[in-house]
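Below: one structure, written as structure tokens.
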Amino acid sequence: MSVSAPSAPIDKPRSNCGVVAVYGHPDAARFAYLGIYSQQHRGQESAGIVSGDGRQLHRHVGRGLAADVFSDAQIFSTLTGHLAIGHNRYSTTGASMLVNAQPILVNLVDGPFAVAHNGNFTNSGLLHKQLADEGALFQTGTDTEVILHLIARSHAATLSEKIIQALREIRGAYSLVMMTKDRIYAARDRNGVRPLCLGKKDGVWFVCSETCALDLMRADVIRDVQPGELIEIGPNGMLSHQIEPCPARYACIFEFIYFARPDSRIYNENVDKVRRKLGKNLALASPADADIVISVPDSSNTAALGYSRRSGIKFELGLIRNHYVGRTFIHPQQDMRDFSVRVKFNAVRGVLNGRRVVLVEDSIVRGTTLRQLVRLVRNAGAAEVHVRVSSPPILAPCYYGMDFPHKGELIAATMSVEQIRTYLECDSLAYLSMEGLMNSVSCEEGGYCTACFSGEYPILVEDSIGKLQHEVL
Amino acid sequence: MSVSAPSAPIDKPRSNCGVVAVYGHPDAARFAYLGIYSQQHRGQESAGIVSGDGRQLHRHVGRGLAADVFSDAQIFSTLTGHLAIGHNRYSTTGASMLVNAQPILVNLVDGPFAVAHNGNFTNSGLLHKQLADEGALFQTGTDTEVILHLIARSHAATLSEKIIQALREIRGAYSLVMMTKDRIYAARDRNGVRPLCLGKKDGVWFVCSETCALDLMRADVIRDVQPGELIEIGPNGMLSHQIEPCPARYACIFEFIYFARPDSRIYNENVDKVRRKLGKNLALASPADADIVISVPDSSNTAALGYSRRSGIKFELGLIRNHYVGRTFIHPQQDMRDFSVRVKFNAVRGVLNGRRVVLVEDSIVRGTTLRQLVRLVRNAGAAEVHVRVSSPPILAPCYYGMDFPHKGELIAATMSVEQIRTYLECDSLAYLSMEGLMNSVSCEEGGYCTACFSGEYPILVEDSIGKLQHEVL
Amino acid sequence: MSVSAPSAPIDKPRSNCGVVAVYGHPDAARFAYLGIYSQQHRGQESAGIVSGDGRQLHRHVGRGLAADVFSDAQIFSTLTGHLAIGHNRYSTTGASMLVNAQPILVNLVDGPFAVAHNGNFTNSGLLHKQLADEGALFQTGTDTEVILHLIARSHAATLSEKIIQALREIRGAYSLVMMTKDRIYAARDRNGVRPLCLGKKDGVWFVCSETCALDLMRADVIRDVQPGELIEIGPNGMLSHQIEPCPARYACIFEFIYFARPDSRIYNENVDKVRRKLGKNLALASPADADIVISVPDSSNTAALGYSRRSGIKFELGLIRNHYVGRTFIHPQQDMRDFSVRVKFNAVRGVLNGRRVVLVEDSIVRGTTLRQLVRLVRNAGAAEVHVRVSSPPILAPCYYGMDFPHKGELIAATMSVEQIRTYLECDSLAYLSMEGLMNSVSCEEGGYCTACFSGEYPILVEDSIGKLQHEVL
Amino acid sequence: MSVSAPSAPIDKPRSNCGVVAVYGHPDAARFAYLGIYSQQHRGQESAGIVSGDGRQLHRHVGRGLAADVFSDAQIFSTLTGHLAIGHNRYSTTGASMLVNAQPILVNLVDGPFAVAHNGNFTNSGLLHKQLADEGALFQTGTDTEVILHLIARSHAATLSEKIIQALREIRGAYSLVMMTKDRIYAARDRNGVRPLCLGKKDGVWFVCSETCALDLMRADVIRDVQPGELIEIGPNGMLSHQIEPCPARYACIFEFIYFARPDSRIYNENVDKVRRKLGKNLALASPADADIVISVPDSSNTAALGYSRRSGIKFELGLIRNHYVGRTFIHPQQDMRDFSVRVKFNAVRGVLNGRRVVLVEDSIVRGTTLRQLVRLVRNAGAAEVHVRVSSPPILAPCYYGMDFPHKGELIAATMSVEQIRTYLECDSLAYLSMEGLMNSVSCEEGGYCTACFSGEYPILVEDSIGKLQHEVL
């Protein structure tokens, strides 16, 4: 029932930014703000907007939540114009962090140009080396900067063609929004890994990562930006370019499991519906002899409800989440056992005491948090704790935009299910199977990327190092 | 499943602070911090702690959430000592606000003395006038300052007796924690209006408004501080004094309906259990011909679940709450219809579309928010919307600590149920009856204050103005 | 040529606040701001203003320089009204510091009342004890709070009489400004220790510590507030009350030597003229066989010029002062010799090299800074360094408002002139004599307090402890 | 006697940054901090340091004074290593300002590289266009970024050769410091327009704009970096490269008149001595029948003293400067005549009243401030005001690093001396002649740039626009 807490959830992948673009409203920046506010769950470290008024681009970026970065109304008096793009980011930390804050704004020969990015390239290391050898000057080394260099070096006749030429050199996952002083662009990689959708209302165009942003702007969902498509919106309306053909769609299935908001519709499916099916299929394959079903709020609520519905076991509110966790919570005692989870969750003894409990969690990365939650539930009097996970075991890191830890830190990559059960100290443990996962989604438009569960990477990772080391110069 | 949002909920009573006291741990201030962090839902405007080391008292207060006010670990290096008290406050705003931040620290003839307060006196106007006429100098005019003057003027032999003498002059609602340089005090008014409980762990004593704070500290619940009791904890252990006999208990029943956290136990009852009974009794008396039950998250979750269980209608997650609302959210467009509710809630179309919906809300103050929520649910495709309120109509303001608006702004004080239904634009509307309310609580220890529903004030309000005008000097 | 640096000068008395009051201008607070800005040299730790509009009082105080505390124009939109008082303060530090920030605003029976204070009472300890025994509640224990309690307890018929009655109980030094919602008051102790003057322009009344504030406001100097006088300005114009007769004037002579700005006129004398005479008399009595005269900028500039004029030795700019020292300068190396003085001053080698130098300093407290300056001058090539001090040796602490250290830290209280010369490592050292000092001032209106030079305290210090320990509760 | 005020002086050229480099001390960053602190008068808008520890570079930059940007000691715990460079900047304002803060840190193929710059290129527009046409991606468009692109594109064998190759393409004025992870570089343009000097102490090397920085670090002045020289300091000691031969030196003569600190030695001359000669030559050529000489503090102090000495007219302290002006001073009344100058300066009536005054000012740009100062002096009772300017009339803007306004705003470019006298409302006005100016400097090493006085630009300005428009994208 809640999106998620001010600070990132414990032991969950982070990264996976959000983007938004607006064209055609005199207060475009204010709508871009609504967009990044709605997509706050996709990145809490920095927020930024660039607006354009036909002559100039204006930029404001800052660290923290969108509502804090844009808390001063005067900011919007400088972000004038009828077009804008925005960005939420979970960034690595460090003093030079603001240099990397998006959208990035540069001067091309064609004029000022801004870009914001969600995803991860799989050949940025190669491209970076090649560009640097040719004398390109990198300030950040981010994927986004690679795009800009490629555009700047293109000799194509028009900016649109330069962008297409640049994007053709890129491999991997990207959902991009870009802007010049009088038009916006939106592009999605040829495999459609990250979501990106198009909306419209009263002649104003919107592009955003998730449809929940369109809801707040009261815009209608038009359609997804297609894999391999570059959309251009300007004074002459909307144009669709094909960057390259879509060989196969590999939509990130983890967006359904954890990332996207349940009220969003991505890849033409309601997140809520898929998430409920995950719970139902989990109940079918892995029933439990229990009295109540509870969820780890808030991301597992819908799956837990699905489990309850299919199993017939009562759904209860057994864990309470505290949403007041500040940015830097001072831990009163270093040695206080289970403290980091207790500060976010409390168990409701009256609900749990003496009951046999099914605890539904959407996914397990390291298992550290879940172990403490199991203990919390048991200390509140639960007679038995049966953990049910609404996704398969995570076996491999992601190279397409999610910030999973290295393989050695993924509990399912190093332990059997029984070993994990012992570690979690629960009475039984079951994961959703790959079949159960695939039966929960429609697949009508093509396939999904399930690399984190299967270890099979559908898109070649050309960079041996996987990811550039940006921050440490 | 969630406590509530960083900023205060829309159209809900606010005020109603939280207090905590700790005795006997070398890092007492850090435990006081855990206490005010756990009780953050009771007041989000300011937070403060005073600690004592046997010789001096140390104070840190600030505006905002506890996690922000105490975000710097160095603060705790100044808050030394083995005893501490803390406070959360929802204060009126204004430049002089910090003067009123609690705990207040003063110098008595007996030495430094600090106090923190939850409640509202009903004779503070009279006492204030009387004290001022005698030459007492008021810096704030708050209830808390009245107590201090009464203590300072008492000629009793010991400080404990001075406190008792002072408290005997006070009428109304209070749960107080106080401290000298080597002992803490906790007092509850003779009618026990506000909750206050006692906990212990490994020889360390704790006093707090709600038991959820004891859970985070891993302390055991000992018992409630009794109506009319003054507890003193110092080098010689715990002493209980009787301020005056308890003529009748009038525990605030609204704590069960909305204020307290569901994982707390107050007045010897689990909040969660009572809240679920409210939903069940509501379902019994006011059924609805509907497909699904949804709640206004998060405060109505438990009641909605109770309604669903008793009625047999499926519980669904139809509204998503955004917890990222900042302190000062910039509204992008003043004329955007329903914006203030849309920025906090989004409807899940896949759940609501074509369904007949029961929308459970815990209480209605002005009705402005609920009206927008009904519209939001209907716009998401709901075929019918049946509002069910898990408390009786609010007819009268509170003089015992809750910050309700004036009678003229209470929708139920000026409209019939049918008029309210028309205003809310819902298909049907039903409130819980007074009988349904009283059947949900145990009453085993005595009575409750239901003045906001009945208009019958069990404690005489001696001040004609009800409340002092503090801030505007 | 410069007033002084953003941070307090090294090894100088600090304290000694500034006050201002304005009556009769619709933007009174803005003029009060000009006043405290002009008097910034009298206190750099906090600044505050209270304004009144005939109905309410409005307050804004903060830590730091006036220009920083009032850097937001919106502050003035809340400080409305036609009367205002302001204060600069050099305060003791600590977490509870803002509680002590002035002006203090309280609620008397007569209505809201604000006060700001420059000076030090000599019987506040006695009064505090007496008031506390009678049940008065102290939040700060400052002199200012003592005044307020005395006023609150007075049973006189009118507020003016209450103030007079209160001030009659007070001994020591004070220049006070006070205000109700529609009138201002200004009072000066019966010995006239601290300056306080009255100005007027276009029907608007001004009261301030120094006339330099009147210059910025473009107001005319009317006259000094007289020793023992209470001035009341309200709807009916200006009234003068006599608190008590002036037995003898004891104006602080150190104001001429160091504190006051050279462009001010205090005690009916130009500070600049007196300061120059100090230098001239010093040259007469203590000549030096030297090539150039230099000053320790900026406070000794005028005296150095006087010394140069009378001695015929060329005045040169041999030391450069850096005014960019921040609030908390990070010292790069703890062991860097003479660093604290070098960070503020640099010697001009081209001026000093090979020269016999007279270095004029206004006063010596501990001598630590001057010792490093002598070394700095010598390292820049000076052949000889002759220190000339334009005041007599400081032998005793001040109980009337200046923050000198304890006697044991005053170099002249523990060493002979020759010992000091050896410590300072200069070739010769001479102080101005008491005769030279008294010949520099006019004395026409009465006497001066010279206790810090003579150890003879003209006003009895009734408190054995001299000063209350405020901050440490 | 004072360097200058926290905020930039009114109506003076601003720009003209300061640079510093340190090699060979384990706390190199702390010495770099001393350097930028000492050179604060060269730029007050931002400050930054990059340090290197042989493996990585670490950067901290911020807006404001060095003492504020580096007020937190923890910053230095991250700026580790034995080499560092630093920068003071007066930058144009705007949201994107921090992007332009120096030192800039980028990743070259050769590794991390940082640069800080004082000066202005005269062909950066051409270079920028040429580089952009070749696909170079500009984030700022500053001169500094142009250097970096040139280095990145060079195919020379070593980094030193790349730097030399890059600098050979640049025309105009520059004093640069650069660093890799284990060596520092310092370069000065072939005409030696801006100062740059080399110092050493105990095996540690220092490079800085002015020798006053070496004084604070207690380092010895070794020599100037020569026009056209590139110095490289690394593990193998100090190497000198010749970028290109020095065709003729054109040292900026305005550094002597206003910019440099009087305690510095630049171009092998003491600033103090030159500045005094300016005053003496002014007195010789333009005597005045007057009683006293006063200066506009602090920048004109030395020249005024020189005028006084040569003319025999007494030097007096007639104007007092307030150094407490904050960053954003709130003007209390928009219509207050002469307010902006009165808030910084006050006249000493006792000095000026009835006197015929020579007012010495170092230079006149627009004349707006000086006009108000003349009025201030006259209002304080001066019988006559004779303005003497210790530099020739400023007729033309600077393209080599000083931020003069456009020609149309230069008062001497549009008015005759008599017209200016009338505008200033003074009794007489005289400027120093070009001959007087040139007689004040030694010229022993070559010539000076006097373009702002003569309009003759010794270095061709290849960019038609003179300067890139950086900030407005």
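General remarks:
Note that the chains take the letters A, B, C and D in the order they are written out, and that residue 1 is the start of every chain.
Rule of thumb we're sticking to: a residue touches a chain if its C-beta (ideal position, glycine included) is under 8 Å from a C-beta of that chain, and two chains touch if they have at least 3 such contacts.
Being a predicted model, the structure only gives us computed values, none of them experimental.
Distances between chain centres, each the mean of the C-alpha atoms, put D farthest from chain B. Each chain gets one centre point, the mean of its Cα atoms, and the points for chain A and chain B are 36 Å apart.
Chain B and chain D have Cα centroids lying 60 Å from one another. Each chain gets a centre from the mean of its Cα atoms; for chain B and chain C, those two points are 49 Å apart. Under the contact definition stated at the top, not a single residue of chain D touches 2 or more other chains. Taken together, the touching pairs link the chains into one ring where each has two partners.
Pairwise chain contacts present here: A-B, A-D, B-C, C-D [touch as defined]. For chain B in complex with chain A, the residues that touch the partner chain are 1-6, 27, 30-31, 33-34, 37-38, 40-41, 44, 65-68, 70-73, 75-76, 212, 215-216, 218, 261-263, 265, 270, 272-273, 295, 297-298, 301-302, 305, 309, 314-317, 319-330, 332-333, 336, 342-343, 346-351. Looking at the complex, you find that chain C touches chain B at residues 56-60, 78, 95-96, 98-99, 104-109, 112, 132-133, 135-139, 141, 145, 148-149, 152-154, 472-473.
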